[in-house]
Amino acid sequence: MKIRDAIENYTFVLPAVTIFSVFYIIPFIWVFQLGMFEWDGISFTRVFVGLQNFKEIFLQDSNWWQSMWNASYITLIALTFQNILAFMLALACDREIRMKNFYRVIFFIPPVLSEVVVGMAWRFIINDIDGANIINRMLIGMGFGNLAHNWLSDPNTALTTVALVHCWKGFGWGFLIFLAGLQTIPRELYEAARVDGASAWQSFKKITMPLMVPVMVLVAILTVLGTMQVFVLIVSLVGGEFAGHTSVPVLRILASMRGSSRFGYACAQGITFGMVLVAISFIQYRFSKKGH
Amino acid sequence: MRRRGLGIILFLLFVISGCCPVSVDSKPSISVWHWMTDRDPAFQELAKKYEALTGVKVNFELYAPSDAYSQKIRAAAQGTNLPDVFGILGEKRDFASFIKAGHILDITSYMEANNSNWKNNFFPKALAVNEFGPGNSYGIKPGIFGVPIDIMTIQMVYNKKLFEQLGLNPNRPPKTLQEFLDIGVKIRAAGMQGLVSGWGEVWMIDCLANNYAFNIMGKDKVLATIRGEVAYTDPDWVKVFSIFKRMQDSGVLAKGLVTMINKSAEQIFANEKAVFAFNGSWCVNVYKGMNPSLEYGAMLPPAASSQYPMAIWGGAGSSFMVNARSKNKEEVVKFLIWLTDQDQQAYLAQATNNLPANKNSLTKIPEILAQFARGMDYATHPNVWGVSEFSLVIEAFDRGIQSIIIGEKSPEQVASDVQKIKEREMAKKRAK
Amino acid sequence: MKHAFYYKSKKVAINTLIHIFLLSVSVTCLYPLLWMIVSSLKTQDMIFKDISLIPHQFRLENYVLAWKEGGFGRNFFNSIIYTVSVVFGIVIISSMAAYAFSRLKFMGSKFLFIMFMAAMMIPIPGSFVALYVLLNKLHLRNTPIGYILCMINVGLSTSIFLLKTFFDKMPKELEDAARIDGCSKIGIWWHVALPLAKPVLAVVVVFNALAVWNEYILALIIFDNRQFMPLQVALQTFQGEFVTNYPLLMAGLTITALPIIIVYLLMQKYIVKGVTQGAVVG
C-alpha cells in the first residue's frame, strides 16, 4: 500500500521530470562542460582550459561586472516602481468600479506588443529628431525646459529611461498575477471585517497584505528573472551597450558568443550569471519566509 | 477526462505528421540557405529560370533575421546538416574555422579553370574577401572559398536640398575634414542635424575610425598595429580618436548619434531631417522605399590628411559558400557560375538595387549606385587584411569612441585604455 | 441625510481619482497599439512623414499583402497548433507536478522543486546549439514534435512555480472532504484542485501562449522546411536586414497580436471570477 502510494505520488512529477531531464539537464551539462573549454562554436575540436574562463570573468572582465550592476539597477527599479504600480492597478481593478473590464484588457496590451513596436513607439515619444519628442515638449510646456534633453543618449539618464520603458512593458504581468491573487482572498473575510467596524485601510492592512505576501514573493522573483535577462528592448532602444552604460549580462554573453566567437567563455558567463540569480532568488525567498 | 486529453494530443500529432509530405525527386536538386530578405523574391525568380533551363531544382530557403540565421548555420555545422550552398555571417576568423572543420569547399580550381574564365568576371576586391592569401595568419591553405554575389561600399551621403539651404554647392561635397567641420558650424547655427548613422550598433563607428586610420597613417601602419608592432597610444592613433571629438565639437554630428540605430538613421536621412549620413550602398534601396524624391549624392568621408589616400570599407556584400560535404558539388558549382554570370547579376542588381559582383554587369545602374560603385577604388575591408584584431580590443576601441563623443573620456585616455587591453590580449596569446 | 451625502461625495471623489490614475496609465498602453494600427494603414513613405495618430490613409490592402507575401496562411495554422499543444501540455504537466510539490509527501520532492527553480534562473546561452544537437540525435530535428517538447520544457519551471504558490494558498478542506469520499489522488487533482486554481491556470495559459506564439529563433534553427515554421518566422521577413517594409510589418504585427488578445479576453474572466465561485460550486 505504501509503495503504491509512493508510485502514485511519483507519477505526478514523472512527466515534468522526464521532459526536464532530456531537454534541460542534458543541454545544461553540455554547457557546463563547455564553460571549461576554449571553443569558437564552429570547430570540431576544443581545448580544455579548466577554470581559466571563470578566472577571467572574476578577475579581469570589468565589462561583465558593469553589465551585472546595470541589470541590478534596472531590476531594482522594476522591483519597486513596476511592482508597486502593478499592485495599485490590481487593487483598483479588484474593486467594484466602472469600466474595470476595459482596464483589465488595456493593461495587458504592453506585454502583448512586440519589442520592435515598443522600441519604435517609445523612441518616437522620447527622441528629438526621429520622433515627436513628446516628453521634452511636455517638460518645456510645464516650464521645466532646462530638464529637456536627449534621454537615451545621455549617459546619466540612458539606463533609467530604458528601465522605465521596461517597467512599462512588464507591469501587465504583475498586474495579472496580483489580480489572480486578490481573487483568491475570500470575500467573506472583508464582510466580516466590515461588520466588526474595520476601516478600508485596516482591512487592507490586516487581510489583503498578509494574504498577498506569497504572491508578492512570486511576482518579485519573476520580476528579478525577467528583468535581469532583458536585452531585446535595449537593442531596439539604444542599439546596444552604449559605451557600457546600457550593457546587460545577456548582451555580454551574446558578444562573447557571436562577436568574439568565444563560445566556451560565453557558457562560463552564462553559468556565473545563473549562479548569481539563484543566489539572489533564494535570499529573497528566505527573507520573505522570515519576514512572514 | 484525462483520456480525452491524451486523445487530443494524439490527434494533434496525427494532424501535424500528416502534413509532412516526403518528397522523392530523381533529378538533382540544390538547397541554398540565405538570410537576405530583400533579395529573396529575386532569388526565387532566378531559381525558376534555372529549373526551366537545366531541369535542376534550386531551393532557396530564407532564414531571417541574420542573427538567428547565423546561429542556425553554426548549429547545422555541428550536426553536419549544412545545405549545398550557404553564406557565413561573421568575421574572417569564423570563415577560417568553417574551412578548418571541413564545411567549405575550396573552389580555386573551378575559378581558375578555362584560363580563369569565372574568376575574371568578378571585381578582384569582391573576390579578395573570400580568399586566403599565401602565409595568412589563420593557417588556411591559400585559395578561394566563396563566391561573391554582390558588392557594397560604405560611404557618406549628403542631402542636396539641405546643402542649398545652407548656402552650399549641392554638387561639391566637402573634400577635407576641415571643410566638413566648417559645415558643422553652419548646421548648428541653422538648427539642423548633421551626420546620422547607426552608431548605437558600434560596428559603423569602427568602420569610420578605420577609414581615418588608413588616411592618417597608411595601411601598413594600421596592420602593424594589429600585429602588435605599433601601440594605440601612437600620436597617429590619438589623431584618429581626436577626429571624433572635433566632429562632436563642431556640431556636425546629429543629436543622439551615439545611441542611434541604423534603421532610424535611415528614416531621418530619408525624411530630409539630416544633412549627412554614413551608410552602406544598400541604403539606395532603403531611401528609395521611404522617400522616392530624395535628392542626395554619395561622397568619400572627407579626408583628414593628404599623406595617404582616404579608404572606405567595401568588397563582397554577400557571398555563397559550397558545402564540402555536398553530394553534387559539380551541379552546385555549375549553378553558382550561372548565378554570377553577367545577365543574372544584372537582373539581381536591377531587382534589388544592389551592386553586382560581376564587373561586366555594371552598365545599366542608376547614377547614385554608380557613385557607390566608384568607391570600390578606395575600398578595403578587415577581411582582406590577412590579420584580425582581437575582438576585445575592437570592442574597447568602439566603446572608447562612443565615450569620446559624449565627452566622457579624452582621446588620449581612450588610446591608453585600448592599448592596455591590447597588451593583455597579446600576453594571453603568448601564454598559449 | 447629510451624512449619507458626505459619504457619497467622498466615494465619488475617490473613484474619480482612481479613474484618473487608471485612465492615464491606459493612455500610455493604448498609444503604441494605435500607432501600430495606424501605421499599418499607411504607405512606406508616409509612415514617418505623417506622424499624427489620426489615419489619413486607409490602405487595408496592406493586410491582404502581408497575409499573402508572408505566406501567413500555413504559418498561422502551424502557430495555432504549436501554441495549443504546448499550452495544453504545460497546463497538464506543470499542474500535476505543482500539485505534487504542494500537497503530496514523497522523498526528494523538495530537491526536485529546487531543481526546477534553479533551472528557471540559469539561462543556457548555447542552448540552441545544444538543443539542435540533442534533437538531431533523437531524430526529432525538423519535426513539430521536437519543437513542441522543447517549448513545453521552456515554460515548465515558471508554470510550476506559479501554480505551486497558488496551490499552497488554497484551503485544504475541500480536498480532505473528497478524500474521505474515496476520491483518488488523480481525481482530487482533476476535480477539486484544478477548478479551484482557475485564476492562476488562466495566467499560466496566457503566459505560455504568449511565449510560444512569439517564439521564432528555436523554430528557425530546428526547422529546415518552411512548411513547419510558425507565424513569427514569416513576420521576420518584413523586417529585413536592410530594407524594412514598415506598413506590412505593422499589419503583420497587428494580425499576430490579435489571437493573443483573444486568448487573453477568453482567459481574463477566469482570472477575475476566481475561487469564491469555485468554492461555492465545489
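For clarity, chains are labelled A, B and C in written order, and residue numbers in each chain start from 1.
Everything that follows uses one rule, which is that a contact is a pair of C-beta atoms (placed from the backbone, for glycine too) under 8 Å apart; a residue touches a chain by one contact, two chains touch by 3 or more.
All values derive from a computational prediction rather than experimental measurement.
Colleague: Consider the two chain pairs A-C and A-B; indicate the one with the greater count of contacting C-beta pairs.
Modeller: Answer to which pair has more contacts is A-C.
Colleague: Work out the mean Cα position per chain and let me know which chain is farthest from subunit B.
Modeller: C
Colleague: Could you grab the centroid distance between subunit A and subunit B? Build each centroid from C-alpha atoms only and quote it in angstrom.
Modeller: So the centre of subunit A lies 34 Å away from the centre of subunit B.
Colleague: Calculate how many whole Å lie between the centre of subunit A and the centre of subunit C, each centre taken as the average of the chain's C-alpha atoms.
Modeller: Centre-to-centre distance between subunit A and subunit C: 16 Å.
Colleague: Which subunit C residues touch at least two other chains?
Modeller: If we look for residues of subunit C contacting two or more partner chains, we find 48, 92, 129, 133, 186, 239.
Colleague: Multi-chain contacts in subunit A: which residues touch at least two other chains?
Modeller: Touching at least two other chains: 41, 130.
Colleague: Where in subunit B do residues touch two or more other chains at once?
Modeller: As it turns out, subunit B has residues touching two or more other chains at 74, 267.
Colleague: Which residues of subunit B touch subunit A once you look at their complex with the stated criterion?
Modeller: 67, 70, 74, 77, 90-91, 93-94, 97-98, 100-101, 193, 196, 198-202, 254-262, 264, 267-268, 273-274, 390-392, 395, 399-400, 402-403, 406, 408, 424
Colleague: Within their complex, state which residues of subunit C touch subunit B.
Modeller: 44-45, 48-49, 81, 84-85, 88-89, 92, 128-129, 132-133, 136, 141, 143-145, 186, 190, 216-217, 220-221, 224-228, 236-245
Colleague: Spell out the part of subunit C that touches subunit A in their complex, as residue ranges.
Modeller: That would be residues 15, 18-19, 21-22, 25-26, 28-33, 35-36, 48, 51, 92-94, 96-97, 99-101, 104-107, 109, 112, 115-127, 129-131, 133-134, 138, 149-150, 152-153, 156-158, 160-162, 165-166, 168-170, 185-186, 189, 199-200, 202-203, 206-207, 210, 214, 239, 249-250, 253, 256-257, 260-261, 264-265, 268, 271-276, 279 of subunit C.
Colleague: List the residues on subunit A that touch subunit C in their complex, please.
Modeller: Per the stated touch rule, the residues are 6, 8-10, 12-13, 15-17, 19-20, 22-24, 26-28, 30-31, 34, 41, 85, 88-89, 92-93, 95, 97-99, 102-114, 116-118, 120-122, 124-125, 130, 132, 168, 173, 176-177, 179-181, 183-184, 186-187, 211, 214-215, 217-218, 221-222, 225, 229, 250, 253-254, 257, 263, 266-267, 269-271, 273-275, 277-278, 281.
Colleague: Enumerate the contact residues on subunit B facing subunit C in the complex.
Modeller: Subunit B reaches subunit C through residues 1-2, 5, 8-9, 12-13, 15-17, 19-20, 35-38, 40, 61-66, 68-69, 71-72, 74-76, 78-79, 81, 263, 267, 270-271, 280, 282-283, 285-286, 289-292.
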